[in-house]
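Read through the structure below, which is laid out as structure tokens, and then see the notes.
To keep things simple, chains are lettered A, B, C and D as they appear, and every chain counts its residues starting from 1.
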Amino acid sequence: MNLDELEQLVALLQNSNVRELTLKQGDKRLTLRRETSRNDLQTEEPEMLHPVELNGFQVDFADEQAEAQAVVSAPYVGVFHHIRPMTGMGASVAAGQIMCAIQSMDILNEVAAPAAGTVVDIHVQDNQPVEYGQLLYTIQTKED
Amino acid sequence: MNLDELEQLVALLQNSNVRELTLKQGDKRLTLRRETSRNDLQTEEPEMLHPVELNGFQVDFADEQAEAQAVVSAPYVGVFHHIRPMTGMGASVAAGQIMCAIQSMDILNEVAAPAAGTVVDIHVQDNQPVEYGQLLYTIQTKED
Amino acid sequence: MFDKILIANRGEIAVRIIRACRELKIKTVAVHSTADTNSLPVRMADESICIGPPPPKDSYLNMPNIISAARITGADAIHPGIGFLSERANFAEACEMCGLKFIGPTAAVMERMNNKASARETMSKAGVPVVPGSDGAIASDEEALRFARKTGYPLLIKAAHGGGGRGIRLVQNEEDLVRQLDMARTEAAAAFGSAEVYLEKFVEEPRHVEVQVLGDEYGHIVHLGERECSVQNLRHQKLLEESPAIQLTIQQRSRLGEAAVRAAKAIGYINAGTIEFLVDARGDFYFMEMNKRLQVEHCVTEQVTGIDLVKQQIRVAAGEKLSLSQKEIKFTGHALECRINAEDPDRNFAPAAGCITRVSLPGGYGVRVDTHITNDYEVPPYYDSLLAKVIVWDKDRAAAIVRMQRCLQEMEIEGVKTNIQFQRRILNNAFYRRGEITTDFVQRRILSETREETL
Amino acid sequence: MFDKILIANRGEIAVRIIRACRELKIKTVAVHSTADTNSLPVRMADESICIGPPPPKDSYLNMPNIISAARITGADAIHPGIGFLSERANFAEACEMCGLKFIGPTAAVMERMNNKASARETMSKAGVPVVPGSDGAIASDEEALRFARKTGYPLLIKAAHGGGGRGIRLVQNEEDLVRQLDMARTEAAAAFGSAEVYLEKFVEEPRHVEVQVLGDEYGHIVHLGERECSVQNLRHQKLLEESPAIQLTIQQRSRLGEAAVRAAKAIGYINAGTIEFLVDARGDFYFMEMNKRLQVEHCVTEQVTGIDLVKQQIRVAAGEKLSLSQKEIKFTGHALECRINAEDPDRNFAPAAGCITRVSLPGGYGVRVDTHITNDYEVPPYYDSLLAKVIVWDKDRAAAIVRMQRCLQEMEIEGVKTNIQFQRRILNNAFYRRGEITTDFVQRRILSETREETL
């Protein structure tokens, strides 16, 4: 990560209504937070930003709302399978609850929810091949 | 020349009391001028900056005083020779007057003054080999 | 021929394999840890799959994820490269079970050679000279003492399941032997999962010479000449390799080659492999061990034979017959390889990590560079320190050395410490120039000089 | 041997020569215009001297400044490289007068070959086949008509002092001949300083095949095989060269080589030179002209012979005897060279200038890259557009083509337009693959295809 890239990120943050931005590469992590006044926040519409790739870095955005989200990503390489009953949009999950399975070398590896909450996004489809770290679900961990 | 280099130059100019800065590469030329108020100028000490190399560019500085200078550089590759009488420090020269000679392939090539003025610097020594474009003299073309 | 190959490796060797695949019109899948997401092999391959976090055990050694990656991408073969899973018999076995061709020897062959004591026995039976040693694992102290009295000191105690220079102890006399035997057993059990140790005569001032072999599935085996690999650092890692080996007569060279082919035939070897020998001052040689995979230094063999080893590996694995007969394999000129590592020679060759801010590679006639680094490459701290291999060829050794010196003068890497200057010192060394190199060359001729200088 | 050589050139060929000097332990002086102050050869050389402003006539063609630069740096020889002063007899003469060894043939030899009509005569006497043509320069229209009636149409009118495909006119019939003869004379006088023209039979659908020769000061001359250079752009500039030539029998190849040696011997040639031939569909060949210097495409010859041509040039110039006998020169495999130019194939190959923001060069087995470009290199608009030469070697032509395709897939240059994609189209072309290439190949098989696509 060089200065130019950092500047791009700062610009991105300043021109957005996002309060916080996290970069991950390997096990390194960089978080940028924007100073906001209460006033600012009240005039803002809550908005969800999807994680994006920027120069190969995975960038997760987090605002006041998004701080209350957890993501479930693939801990194995393999084929994603829904379980029965399927964990669908809007489903409530408990921490540790099995959400899906990833089939790897004929073995079905179960994937558990990292936190309790409501499924607000499913990023993959049944029988889809997934790589390590691929985003599977977004969970809303706080009640609005 | 890229943006980074340009920024360096602008910074150089802003942090200096130089009013004007010229870059030459081949036959390209870039001039940067700093906005100054009359007040500024009056509090400044006149100061001479020698040409420097920056990222391979030859940078000539020009302030109010330096604008009244001319440089004589070698138009040939060869060995620098003073002529008799020698054009020494403080010598007055007329435009077109022969100042020195450069010996190239046994031929003495004469070098003429580009403008009338006073020799304020001699950058080479007798019998020194010089390459094309090498700085030989600085001439003060205006009376103080 | 295969349609798609998954490369279960990273760095320059992954790039090397992708290039061979491309020339064979085979599609490629690069697997990578999260630390290598933007690496050159990932960018070059037709597809890429992230297989885990940076630590090797979670990614490049993660068999289920790698095999699963091959399956979801529809690859029909896996090239394991060098290191990582390349000599794991159980990985080769898992691949075959999943219908994936493992590009290397079979699991059975690997297992046969993984036990050093039984490997010695096999070699000895096949008429390949081995260092005088105990018959398999030592059962008791008495047996050890009996062997020592017969053979004489100094002796080595070696762990049967050790390797890469690890698990070896030097003993000088009888008291030493008994005391160290116990320690060696304990250590072997902890490090290699087996307390078996054996004894071997210590070959003094040896050179490390290895022979490249190549075998197909139909029992046809050839050798591609030998490599001189005595220039090693204190951790027995090779630094500079060459081919042909120096200070061997033509007769000695052909005896070495023939012995290597006998060795490979004795175990029914398939694909590319290397038989390592110790060569003593008289040119007598002893089987040391077998590397059941491609070697980093395979390039010097390619330069003097004109044979693309990685393509041969792939062809043989695809069931093709070796199209080379021993007679057709000709050796021309001399090749050298310098390993350029991210390491700090002033701090005991500690691996260096960081961002390469600028790289300028050598080029021109007789020069080959195999590398995965580029400007702004971030050297991750998790893996080996190899940044690039500079390989040169010329008519003879003296000319090749001069060419390598020219290359290392041209080569510039900024941002991380490298051993470029250290390699230049080796090339300048008078003993090296004369070919007087034994496995302690670096310690004796280079590092001792440094100590003297700093005194 | 020389102590210090001044390289009177720029770009990749200056880098090539500096590398050879370094390997011979000869110090180097790079001369450069103000446009090349930060160029790679200037950074690599032991010393550098600025010799003038960017226009070639003021710098790289400025003889007094170049010779003076050699004197003030104490160089004892000048390597002229390719182009610029490399074939100027008066420069070679000026060097010798100033006690500087010119690395190339003598001025006398150059002059002998600079007049095309007399060169033809010399070749014909030496038993080297020449295209049926007028005996020397045409004195009158009558003489021209007489020759034409005897030889038949089409015919070429060529300027005696032209070269590189310039000053040539094709005539189809008698009326055409008389009319164009006048125009050709006027043009020749303006362009080459002499109105002399001669007539030649037009060889239809020829291939351009040239033979590399090398001679020492003691009359020993060998050839290093031939190069196929028919792939040329519309300005007759070579784009892709290979060795050996294709579609020639072994007998035809050895006849070509022998003819080239006879040609070089006939004029007492010294140093490296190239005899260019036109080869017709039957494999009959005709002397075209001689290049009295190194060629851009010398690298393909180096790859198939294992002989470093630039070092040989320097050795011969230093008065050493050629250590090569014709018998010892062996040819192995097939080599290809692609010239990567800064030019815009979509705008009639107009030269492109600008800053190279990123460059990624190919590498690995069987690959050589000769280049002077680096990241952030500013391509000056004053000189030729050659950025890099990618040279590959493999066992046979088909394998070499595949390797070159792999290399051009790897190669990335950002910031200026290049012909990389265009070269890939050539390599993909079925006629090229089959070796069906004549000098109009690019126009007939590649550009016509483009026109059809856009219709």
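In this text, a contact is a pair of C-beta atoms (placed from the backbone, for glycine too) under 8 Å apart; a residue touches a chain by one contact, two chains touch by 3 or more.
These figures come from a predicted structure and were not determined experimentally.
Participant: Spell out the chains that contact subunit A while also contacting subunit B.
Facilitator: Where subunit A and subunit B might share a partner, there is none at all.
Participant: Hopping along touching chains only, can you work out the least number of steps from subunit B to subunit C?
Facilitator: 2
Participant: Sort the other chains by how far their Cα centres are from that of subunit C and give me the top one.
Facilitator: Greatest centre separation from subunit C goes to chain B.
Participant: Taking the mean of the CA coordinates per chain, how far is subunit C from subunit D in Å?
Facilitator: Each chain's C-alpha centroid was found; their separation is 43 Å.
Participant: Starting from the mean Cα coordinates of subunit A and subunit D, work out the distance between those two points in Å.
Facilitator: Here the centre of subunit D sits 60 Å away from the centre of subunit A.
Participant: Taking chains as nodes and touches as edges, what kind of graph is this: line, ring, star, complete or other?
Facilitator: Looks like a simple chain-to-chain line, open at both ends.
Participant: Among all the chains shown, which pairs meet the touch rule set out at the top?
Facilitator: Every touching chain pair, ordered by label, is A-C, B-D, C-D.
Participant: Write out the stretch or stretches of subunit D touching subunit C in their complex.
Facilitator: The contact residues of subunit D facing subunit C are 15-16, 19-20, 22-23, 25, 44, 299, 302, 306, 308, 310, 332-333, 358, 360-361, 363-371, 374-375, 395, 399, 402-403, 406, 409-410.
Participant: In the complex of these two chains, what residues of subunit B are touching subunit D?
Facilitator: Of all residues in subunit B, those touching subunit D are 2, 25-27, 56, 76-79, 104-105, 107, 129, 131-134.
Participant: Touching residues of subunit C toward subunit A in the complex: what are they?
Facilitator: For this pair, the touching residues of subunit C are 33-35, 37-38, 49-54, 59, 64-69, 71-73, 94, 98, 376, 380.
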